[in-house]
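First subunit A sits with subunit B, and in the next complex the same chain sits with subunit C.
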Partner chain A sequence: MSDRLTVRKTYKLYVNGAFPRSESGRTYEVTDARGHFLANAAWASRKDARDAVVAARGAFAKWSAATAYNRGQVLYRVAEVMEGRAAQFAEEVAAGEGLSSSKARAEVDAAIDRWVWYAGWTDKLAAVLGSTNPVAGPYFGFSMPEPTGVVAVLAPQRSSLLGLVSVLAPVLAGGNTAVVVSSKGRPLPAITLGEVLATSDVPGGVVNLLTGDAAEIGPWLAEHADVDAVDLAGTAGPLAMELERSAAGTVKRVLRAPAEEPDWSGDPGLSRLRPFLETKSVWHPIGL
Partner chain B sequence: MTYVLDPDALAGGEAPVGGPAGTPPDPFADVTRSDAAFRAFLHGLPGVDAVGAQQRTAVLGTRSIKTTAKAWAIDTAISMVDLTTLEGSDTPGKVRSLAAKARRPDPEDPACPAVAAVCVYGDLAGVAKEALAGTGIKVAAVATAFPSGRASRAVKLADVRDAVANGADEIDMVIDRGAFLAGRYLDVYEEIVAVKEACGPAHLKVILETGELVTLDNARRASWLAMLAGGDFIKTSTGKISPAATLPVCLVMLEAVRDFRAATGRQVGVKPAGGIKTTKDAVKHLVLINETVGEDWLSPDWFRLGASSLLNDLLLQRQKLRTGHYSGPDHVSVD
Partner chain C sequence: MTSLFEYAPALESRSIVDLRPSYGLFVDGEFTEGTGTPFTTLNPATEEVLSEVATASDADVDRAVRAARRAFVKTWGPMRPADRGKYLFRIARLLQERAREFAVLETLDNGKPIRESRDVDVPLAAAHFFYHAGWADKLEHAGLGPAPRPLGVAGQVIPWNFPLMMLAWKIAPALATGNTVVLKPAETTPLTALLFAEVCQQADLPPGVVNIVTGAGETGRAVISHPDVDKVAFTGSTEVGRSIARTVAGTHKRLTLELGGKAANIVFDDAPVDQAVEGIVRGIFFNQGHVCCAGSRLLVQESVHDEVVAALQRRIGTLRVGDPLDKNTDLGAINSAEQLARIRELTAFGETEGATCWQPEGDLPARGYWFKPTVFTGVSSAHRIARDEVFGPVLSVLTFRTPDEAVAKANNSTYGLSAGVWSEKGSRILSITSKLRAGVVWANTFNEFDPTSPFGGYKQSGYGREGGRQGLAAYLRGDA
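The block that comes next holds the complex of A and B.
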């Protein structure tokens, strides 16, 4: 009917609030579950990871100092924008994961709900994970959670949206900034999430999304002296072991890879919030 | 009232010995015989192809310097740094900590070279001198009413003498941009000659402040003027004005020192300063030297990089090469 030319897409990375091409100039073909061409995605290199870490470090001071209330508002706004893009997400999830459209839509709804759920956690973390401690002396003793810093997230390979949201949102809710390496085979929902983040209120650099191979970029992030923690959710087997070992060289927090990729629909509890929070304790003299 | 051009206007200021103005080296001995002659000479210098300069530097900036060449470039760049602090809030303590960093830029690695000099305001030159005693690191002091240069000549000369008396090995003077832009080239020339005389044994770096001279033609004229007046180095900028050191300006200045040596036999150094923040910038400058004036200038005696934050980036890159993984700002000192 229409003789319109197809608009073939070549997506880019999302680093420091902008959409650069990979420094290497590489792209790779993304296919749907049956092997049909969907789009080209940027194939990030170690130098893109390096730039992303610089961006995340630069954004950390402001994001970690934002009030918990403000952070919650900003994250909730991300969920709002996701809701507006739900149809696009559903289409990408359906194509990438080979789901029916109703199942894909349910997956998207779950992802948005997950994001809202973590947005609600920002101002409750201090109450739940902090404490006033009994001390033997005329002092108050407080403990409170603080963000760990720059977190490198190797996102799940199979669950391209719900899994991604489930590992990214808790990192942000705690006040960390993130460098995310998306699923290699199913990167489109991550790319769209980057577009969502760019058009919401999340400051540039707080989330940096790289599409590419976790096995290639992961070692550079795990060894990087300016990365404070790594989440190995998207890795398995010998690669996960190797990354754990190299992360030890700079004493990073490591959230270990699960034996196999979990079903992300379950209640995550605090299991992904707590690993990226440090406890600071303060002694304060009791006044009169 | 002090007359703006009278070097002896301040009570007790020692009169410079010698004539009213030095004589430029042959074959240019007669170009400063009059204001008109000097203007004719400077305006007779070949015009700068501004687009060509930009294109040339852009092409040279794409050179890929890797592995052993990169390691060499980083070490060379570190040894060329004039580690600088020029803030109103400078304290003796800050200068001493900067001096410590100048001696051992990377405390974890004894093989890391020391920087070329520490650059401070004249009143803190003594502190720097003491902190750097026994090392080969020079003390550079800015003088002549830095950064604006808006003071009478007597005050400027007193400023220079004071910095030299405090132990400065090198003086970074600013030219009178107002006079230069008004076309009073001979005034600017005579001032540099007078400052050079006041420097005594200290090396003189002449800051052209190319950001205020606007055109590359002016940068070429100012370079020649400063070299004819006896400057040992020509320096792009104070670092207080933007744009500061750009690659095209640096190219024009390098061509000027090359042509000047070819004509007179005297070699003059070049110091870009301000705005050079990354290792990549520094390496681009090294490439530019090599391709424009050659290896003779690839030494801290003839080329310096005026910078403060650049050194940390050089150290991070150096650590990356040494350890094989990326380093972070927690692994260099905060200054």
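The block that comes next holds the complex of A and C.
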């Protein structure tokens, strides 16, 4: 064993392709499953959330207009870069979730494979969810899925990496941009994921990762007029209900969370893609 | 303007409709009394009272939900899917057989021209049942997994602008997917829903599968907040939609909303002007503009603005406003005094904010609720008549120079239900349609509907779709 003193990482936010500290100057202590100090994470504020929404909105036009093939390659690239950092992720997951190193590594592997799975979805969605519509008249009609817009994702509290990737990847695969609030108690893999995203080909602003408390930031995101949808995965009980109620003010799409955080290892099907896709129907006359 | 040739009246006879002096609720397969205070429904073209209609109290709504639950558990749920489909086919046929009666009744109660109720509302309602009938035994092919399941009891609240058609858009998919229904029609237009209840009886639809509860907002609230309702579907204003979403928050209920709109209808300088003018007229004056997807914001490329507006005014001068039962009528009556007041209020803003108002010459009938087809020019994106849904025959004209500006102005709205684009250039049509943030885009046409074509909004125009394979998802629980 080397007696070299390690260089520790400062965990910051990931907003608009950069790694700022919280504008509030706040941090909070993150501990491992046994209560030992791991790091001081940035404690994102309302202002950070609003900056993140501005970044996500700014990135939406290009990301949503990218070809499906391009989006698929970008998501696949995330998996490639994650693979190279697997050991670091495994260490963080093991510490934060109290898992054995082999179990932690299995979580990381599943998270990487999930990116690959969603990367393959980008150019299938239109075929599976779209249609040509045999209308009773001289018109050519078709319907296609399009991204909803800016999605606020309140990431799962327990599963800090696989859960996070499971809720984030489908939002991106559909062409949306995201503002993510990480697990409060286990935020470190989220920021490491931000480093992966920053060094993959995901354009800045497409994903914005905030560490902190969903109960504090969530209400601002649920109310924000420039957020189109909210994924409540990391919330439960009265908070989930309050957020859904706030979201009603701007008719946001809301994906509710089950009472218990699910086992993220199962095949998600289209269940997390559909809620953040709109259907557009187009008509054009047929004639000479 | 006196025209050279006057039209002779061409009145559709109302004798085909057998109006009763009073109507009850339709619960568990039977017409029953309501325990709330009854209300009257008017012919908005004459202000004549058509009938007295029962109000469903909370207790009546509870009775309807129980009946729907029983039917879901005992008859409709366990029924062979093919048989469910056959009931819907029967209903479609009955609507076709009684089409004239439905059309006249709709026109009497709503004020819309008989030409539209006869040629659009009723045929589309029948088509919706026919289309969904065929889905009933094919749901495993709907892309929702191998064995999608119904949700249970659907509570549905519909508006007054297309009373029968909205009923069909709600009831047909709900029943085809194995759900049962408690539906509340709008307070000002309950009659075709109650006639539809007779159709359910003639079809021998099992009791409780469809329940119709009439009343005002209170009755609607009772339907959507009933704890044994599993699914809420609402079409109406964005304001009410928001409050429904708040009510449903934190419950197990699934929700779909089809809300307001402020559609842009974009006319490029290469568009065929005569066709575009027909499309603009159809977009905003169809159904007196009481259409959530109405093309109420005309965006004209600056170079053709004067030409398009002149042609449009000439065309509007030929529109006939008057007796909805006259087969030559183009614009009928405004549905209610309340709606007329709202249209007047918003158009008054148009003038005070600096837009120029134009209306054709001619008189309106002395009785009833009427509003002339109206065009505002010189409208800016900041004006209320460019932002708020008027839900009346009022068109706001704005201009643009470049395609990017057209898209930016079109998308500058909290709504996103529909849009139109007129151009002879195919690549431009495809580019603009893909950039418009709206659930339905009509290119070189406007206000076309079909049960195979999913309909619904982006942004604050709501969520969920009605029609098509995509529309089934609103009433099914699937694995995929």
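By our rule, the second predicted complex is superposed on the first by the 277 of 288 C-alpha atoms of A that agree within 3 Å, B and C clash if a C-alpha of one lies under 4 Å from a C-alpha of the other, contacts with A are read in each partner's own complex, and residues count from 1 in each chain.
Please note the rule applied: contacts are C-beta pairs under 8 Å (C-beta built on N, C-alpha and C of every residue); 3 or more make two chains touch, one makes a residue touch a chain.
Given the structure is predicted, the values throughout are model-derived calculations rather than measurements.
With both structures placed on the common chain, the touch criterion links A:A248 to subunit C but leaves subunit B unconnected. Once the two complexes are overlaid on the shared chain, A:E216 sits clear of subunit B and of subunit C alike. In the superposed pair of complexes, A:Y139 makes contact with subunit C only, with no contact to subunit B.
Of the two partner chains, subunit B is the only one that A:D226 touches; subunit C does not reach it. The partner that reaches more residues of subunit A, of the two candidates subunit B and subunit C, is C.
Touch criterion met: A:K280 reaches subunit C, while subunit B stays clear of it. Of the two partner chains, subunit B is the only one touched by A:V53; subunit C is not.
When both complexes are overlaid on chain A, the residue A:A240 reaches subunit C alone and has no touch with subunit B. When both complexes are overlaid on chain A, the residue A:E83 reaches neither subunit B nor subunit C. Residue contacts after overlaying the shared chain place A:E261 against neither subunit B nor subunit C. Residues common to the contacts of subunit A with subunit B and with subunit C across the two structures: 225, 249-250. Residues of subunit B touching subunit A in their complex: 319, 324-331. On the subunit A side of its complex with subunit C, the touching residues are 128-129, 131, 133-137, 139, 141, 143, 148-149, 225, 228, 240-241, 244-245, 247-251, 253-254, 269-271, 274, 278-285. Interface of subunit A with subunit B (complex): residues 50, 53, 57, 220, 223-227, 246, 249-250. The touching residues of subunit C, when paired with subunit A in their complex, are 127, 143, 145, 238, 241-243, 245-246, 249-250, 257, 259, 414, 429, 433, 438-445, 448, 450, 452-456, 458-463, 465, 468-470, 473, 479-480.
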